[in-house]
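So that you can tell them apart, the chains are marked A, B, C, D, E and F in the order they are listed, and the count of residues begins at 1 in each.
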Amino acid sequence: MRLLVVNPNTTASMTALIGGAAGAVAGPDVTIEAVNPASGPVSIESHYDEALAVPGVLELVARGGYDGYVVACFGDPGVLAARELTGAPVVGIAEAAMRTAAYLGRTYSVVTTLGRTIGHSWDVARAGGLADHCAGMHACEVPVVELETDPRARARILAEAEHALATDRSDVIVLGCAGMADLADWLSVELGVPVVEGVGAATLEVEKLVRLGLRTSKRGEFAPPPAKERGPSLLV
Amino acid sequence: MRLLVVNPNTTASMTALIGGAAGAVAGPDVTIEAVNPASGPVSIESHYDEALAVPGVLELVARGGYDGYVVACFGDPGVLAARELTGAPVVGIAEAAMRTAAYLGRTYSVVTTLGRTIGHSWDVARAGGLADHCAGMHACEVPVVELETDPRARARILAEAEHALATDRSDVIVLGCAGMADLADWLSVELGVPVVEGVGAATLEVEKLVRLGLRTSKRGEFAPPPAKERGPSLLV
Amino acid sequence: MRLLVVNPNTTASMTALIGGAAGAVAGPDVTIEAVNPASGPVSIESHYDEALAVPGVLELVARGGYDGYVVACFGDPGVLAARELTGAPVVGIAEAAMRTAAYLGRTYSVVTTLGRTIGHSWDVARAGGLADHCAGMHACEVPVVELETDPRARARILAEAEHALATDRSDVIVLGCAGMADLADWLSVELGVPVVEGVGAATLEVEKLVRLGLRTSKRGEFAPPPAKERGPSLLV
Amino acid sequence: MRLLVVNPNTTASMTALIGGAAGAVAGPDVTIEAVNPASGPVSIESHYDEALAVPGVLELVARGGYDGYVVACFGDPGVLAARELTGAPVVGIAEAAMRTAAYLGRTYSVVTTLGRTIGHSWDVARAGGLADHCAGMHACEVPVVELETDPRARARILAEAEHALATDRSDVIVLGCAGMADLADWLSVELGVPVVEGVGAATLEVEKLVRLGLRTSKRGEFAPPPAKERGPSLLV
Amino acid sequence: MRLLVVNPNTTASMTALIGGAAGAVAGPDVTIEAVNPASGPVSIESHYDEALAVPGVLELVARGGYDGYVVACFGDPGVLAARELTGAPVVGIAEAAMRTAAYLGRTYSVVTTLGRTIGHSWDVARAGGLADHCAGMHACEVPVVELETDPRARARILAEAEHALATDRSDVIVLGCAGMADLADWLSVELGVPVVEGVGAATLEVEKLVRLGLRTSKRGEFAPPPAKERGPSLLV
Amino acid sequence: MRLLVVNPNTTASMTALIGGAAGAVAGPDVTIEAVNPASGPVSIESHYDEALAVPGVLELVARGGYDGYVVACFGDPGVLAARELTGAPVVGIAEAAMRTAAYLGRTYSVVTTLGRTIGHSWDVARAGGLADHCAGMHACEVPVVELETDPRARARILAEAEHALATDRSDVIVLGCAGMADLADWLSVELGVPVVEGVGAATLEVEKLVRLGLRTSKRGEFAPPPAKERGPSLLV
C-alpha cells in the first residue's frame, strides 16, 4: 500500500517531520511518501494562506498513483475537492484527530498555534459533527514556523494544554497543527491524558479505509468534476 | 461609492449579466464595476472548480481601491479570505440571498443548477445560521454555462421552483446561481411568491454596510494575514 | 420611498432620537417618518411591556400608506403579526442588527440595558438562526428611560462593551436597545471594532428590500389574517 | 386549590368546553374556573389574533387570587408575560401537551386547525426543547370556530391524524387546539395510540406544581415588571 | 391508584427516603410502594453501576400490578426498556425534574453528587430536549451513600448550589440525586429560588399521566419485546 | 496485538460470523478472539434485550488481557461502561461504522433489521455527532436470527438499500447489524456505492488506536468505577 502525505505548506523541514510521524505509525506493508507543493505559503495561518495552498495540494492529488492521501494541515484544506479528483480515500488531519479523540473520552480540547485560526477549526469541527465533543480551542500564539525554532514553544504548548484541561474539564488533548506531530507522546506523559496528533491518526485512518476496501462514493457530490476549461496554470 | 462585483468564473458573458443585475439596483451615487479573473474555471460546479477560482478572486480583491466587494457565485468562494485582505465589506451572494429571504417568510427553498453543488450550499447555509430557514435545496440539472444557451433552461427552473414550493411548503424562492440573476422578476410573477437572487441582494447589502460606515472587524480572525513568503504566482 | 419607523414605546424623545438615526442613513429619495403609539408603556423592559406595546404597533402598521416599516425595539415586538397586515417589508431592529453583524466578523456580543431582557433577546437570536454567531449578551443595567438622563450611562455601556469583547473574544458589538442608536459611532472609535445599532441597520434593510422589489410572502403564515370579530378597541 | 383556566379568545362556548375538560381531570380538592377576556378575537389563528388576545389574558392573570393558571390556546399566548405578573405557576397548553407526549413515545405528531399556525407552533416546540420529539405538524384546515359546528370536522381530524401517524412514523398524537379537547378519548380509541390534549395536561401540570410547592422563579427574567406608566387601557 | 417507586440501588435506607418523598406529595387516593432490587450496586455513580442495576429494575417492573412506575435514580436507568415491558407510564426522576424546572424559569442548574456522572446527565438532558434549558451541571463531590452520613454534605450542596446560581445566572436548581430528595424545601428557602427534586416530580408526573388515561404508545419502539430465549437469570 | 471481539448476544453462529469478519481485515500481527456471553438474549432487538445483554459484555471486558475490545452489536451496548473497566480502547460497531462512513461521502443511510430499533440507533448517532451525516435509517424487518436462515433476507436488504439511496439521496450505506457483516462486499458491487459494515470498521479502529498508543482517558467520566458492593452475580 502506497500513501501520499501532503503537507500543504512549502516548508520542507515540516514535510520531513510530517513524513516521519506518518512513517512511525504506518503498517509494515505501507509505503509513506511525504511531499509539499512546489509553490505556495510557507505556513497556513489564515484563510488567505489556505486559499493559496489548496491548488498545490490538488495538483499533487490529481497526479494519482497512490492508494490513499493524507492532507496534513489542521484546517483540512482542499480535502473535499481532493475527494472529487480520486476514488482513493482522502483524509484531513483535523477531521481524523477529532474523530479519533471521540473514542477516548467524552470531550477533547484543541491546542493550536495562532488564535486567529480557531474560527476555522470550529467550522471543521461543526462540519464533521465534532463540535459537541469539543470543549474548547486554545492558542499558544506560537507561529507555525517557530514551532521548530522557538525554544519556548514546548513550554508554551504544555502550559496551554494544562490550562485547557483545567478550564474545559475535558478528557483528551488534540494538537491543532501538523507541526506539533512530534510532541504528542511527551505531552501525554506530562499531562496524564491521551494526546492525539492528526498526522498519525489520519495516516492510520487512510490505511484502515484501504484495508476495508472503502473508497470515496462517486454517486453525487464527489463524482469527478465535469470536464471544462479551467485555465493554464494547473495540471488537471 | 465604488463597488467591485467579482464573478469568480471566467465567462465574460456571465460577468456582463452579473454587472447588469448589480447596476440595476445600485443607488444613484454608486458605481458598479464587474470583473472576472483572467484565468480559472469557466464555471463553478464542484469543490475543485471553487478551489481553482478562489486565488483569482483574492487577487482582484487584494488590489483594493473599492468601498466594498461582492463575490458573485452562490458558494461564496473566497469570501472569508477576502475579508482578511481588506477592511471594506465583502459579501457573498449566497449569504446575502439567504439572509434577505429570512425577512420575507418563515422558510425559503433554493433552486440551483447541478445537484452535486447542494452539499456545499447547505454548508454555507449552516455556517450562516440559515439552515433552519431553508426548507429544501433543489437542482434543475442545467449546467451553469447552459443557463444562457439552453432554450429549455427557463422552463426547467420554473418547474423546479414550483416543485420546491409544493414539496417544501416554503414561502420564498432563492435562486442558487449568479447566472440566474435575470430570472427573478419573471419567476416571481409566475410563482406568486418573492424570488430572491443574490447579486442584487449582495450589492445592496454592501451598499448598506458602506452607508452605515461598517467595515470588517480586524480584531481577530479577519486581521490582515501575517507577512510571509507565499510563492511567485499571486500579487499579494 | 416612504418608510415608517415605529417606536413601540410612548416616550416621544426616544421616538425623535430613533427618527434621527433612521434619517441620518436613509437614501436621498427616502422619506422617514417616526411615530409611537398614542398609549402604552413608556419603555419595554419585560415580556409584559412588550405584550402591551404590540397592539399599538400593529394599529400603526395596519393604517398602511408606507413602502416599508421598521419596528424599533430590540425585542422586535409585533414584527410577525405586522407581516400579516401588510405586504410591504417589516423589519425589526434586533434581527437587522444581528444579521448585519454577521457580515462583519465571526461573532458578535450584544450590550443591552437590563439583564432581565436577555432571555428574550436570545429567543430572537435563535429564531433568526443568529445564536451561533452570538458570543454573549451583556447588560449595563441602565433602564431604558435613563439612557438619555443618567450621566453615567455612556461610561457604563462602554465598560460593558469592553468587558464583552474581552470575555467573549468576539469581533463586533451589537447595541441592544433603540435608545442607544446615537452611541454607535463613538463606541466604535473607543473600542476599535464595528458597532452595529439596529435602527440604521433596519432602515437600510427595508430600503434594500423595497429597492429589490421584495415583499413579504403571502403564501402561508403571513397571508392576511382571516376576517373575524376582534373586539372594539383596535382599528383593524 | 383554585386554578384559573384562561381561554384567550372570546368565544364563550369554547370557554365552557375548556372548563369542562379541565374539570374532568382535576383532583377532588381542586376548583376550576374557566374565563375568557371581555374583548378580543373570537378565535386565534394568526400572529395578529394572538397579539390582540394577549392583553386580555394578562389582565385576567394580573387580578390574582388563584393558586395557578392555565393558558388554553395552543400557541401559549402571553405565558411568559403572565409568569412575570404572578408567582403562581402559569402553564400553556402547547408546552404541557408536548412535554406530556414526550413521556409516552419517542416522537409525536401535532394535528391542528389551520396550516398558517404551524410555523408558530414550531417556534413554541423549539423554545421548549420539544422540536426533536416532534415528527410533524399537520393541519386539518378546519377553522377554530367551526370545530363545534362543522359536521365533517371530526372526520377530517381523524383522517389527518391517521395520515400523520403513517407519514411521520410517530408514536403519539398531540391535538393542536383547545377546541379539540373533547376529542382525545375518541381519537385514541380510533387510532390505537395515545392522544394528548393540552387542556387536561396543563391543568394537571399546574396542579402538580402547586402540590410540589413550586412557583415561578423571581430571580431574573420573571421578576415583577418594573413600575412605570403603561397607558390607561389595562388594569395593571 | 397504585404506583411503584423503584430505587435502582440496593441501599434500603435510601429506598425509605425515596418512598417518603413520593408519599409526601402523592394524592389521597394514591398508594405508593417503594422497593429496590434484591441484588446490585449499593449506589449508582458510574456507567458500570448503572449497567448492573438495570436488570434488577426491569425485573421489578416486569412483575406488573401497578398503575405506573417511577425510576428513582437521576440517570433514569432502564426507563426505555421498562416502557417496553408495560403499558403503564414509566417516568425517570431526571427527565421529570428537568421537564418540571422548564416551567419555572428560563434556565436551571443541576447540583449532583460526583462529577464523573455529569456526562451521563447531559446525555439524559439532550435526549429529552432539555439541554438548552440547562445552564450548567455541578458536583458537590459527596458520594451517594455519604449524603446521609457525612455531616458536611448539606453545607457542601448549599455552597455548590449558590455557586451554580452565580456562575450560570440560572433561575432554578435541580437536585441531581434521589438521595437529596429531602433537601429541596430547605434549599429553596436558603437560596430564594425554586428547587426541584425528581422523586416528587416524577411521582406526580406518573399520577398525572394515569389520571389523564395516558399510557405508553405500543405502536413502534415501545411495543412488547419479541419473544425469545434470554437466559436463566431473570424472571421475564 | 490481541483484540477481543465481543458479540453481545448468545448466538454462537453469529459470533463465528463476526469473528470471521474481524479476522478478515485485521493486520498480520493481530490476534482476534471472538466471544459471546454465556447467558443472555439470543439477539438484541429491543431496549430490554440490550439491558439484559450488557452485564455479560462487561463481565467479558472486565477479565482483561487484551489490547483492545470491539463490541459487535449496532446499538453499542455497554461501551461507555466498558471504557470505565479498562484503559484499553473499546469501540462499538455503530459508532465505528458511522464515523467511517463520514470519510466517504456527505451523507449515509443505515439499513438495519427491525424498525423498532431505529430510535435507539438515532440516539447513538446523535451522541456521536453523526446525526447530521445520517440521511435516513431504514428497516428490512428481517429479525436478527433470520438473517442467516431466511433465504429472502439478502434480497430484502438489497431492496431496502436501493430504496434508501433513492429516498435519502445519500452517498454511502451503513449496515445496521453485526449479523450483516458478510454482506458488505456483495452489496457494494450491487449498489455501486461504498457499504460500511461495523465489525471490520471497529476492529481496524481499535487496531489504529492501539498502534497510536492511545488509551481511554482516565481523567473523569471513564476513571475506574469506585469500589463498592455490587451484588453476587457478576465477577467484578
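Everything that follows uses one rule, which is that a contact is a pair of C-beta atoms (placed from the backbone, for glycine too) under 8 Å apart; a residue touches a chain by one contact, two chains touch by 3 or more.
Quantities reported herein were computed from a predicted structural model and do not represent experimental measurements.
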Cα superposition of subunit A on its sequence copy subunit E - rotation in ° rounded to nearest 5: 120
Interface composition of copies subunit C and subunit D: same or different, split at half: same
Listed chain pair C-D, B-C or D-E that repeats interface E-F [over half of contact pairs the same by residue number]: C-D
Rounded Å distance, subunit A centre to subunit B centre (Cα mean): 30
Approximate Å spacing (C-alpha centroids) for the pair subunit C, subunit E: 43
Junction residues of subunit C - those touching two or more other chains: 106, 115, 119, 169, 220-221
Residues on subunit D engaged by subunit E in the complex (per definition of touch): 25, 27-28, 89, 91, 95, 99-100, 102-106, 128-133, 165, 169, 171-172, 185, 188, 192-194, 196, 200-201, 204-205, 207-209, 211-217, 219-222
Sites on subunit F touched by subunit E in the complex: 10, 39-43, 45-52, 54-55, 58, 78, 80-81, 83-85, 114-120, 123, 126-127, 143, 145, 220-221, 223, 225-226, 228-234, 236
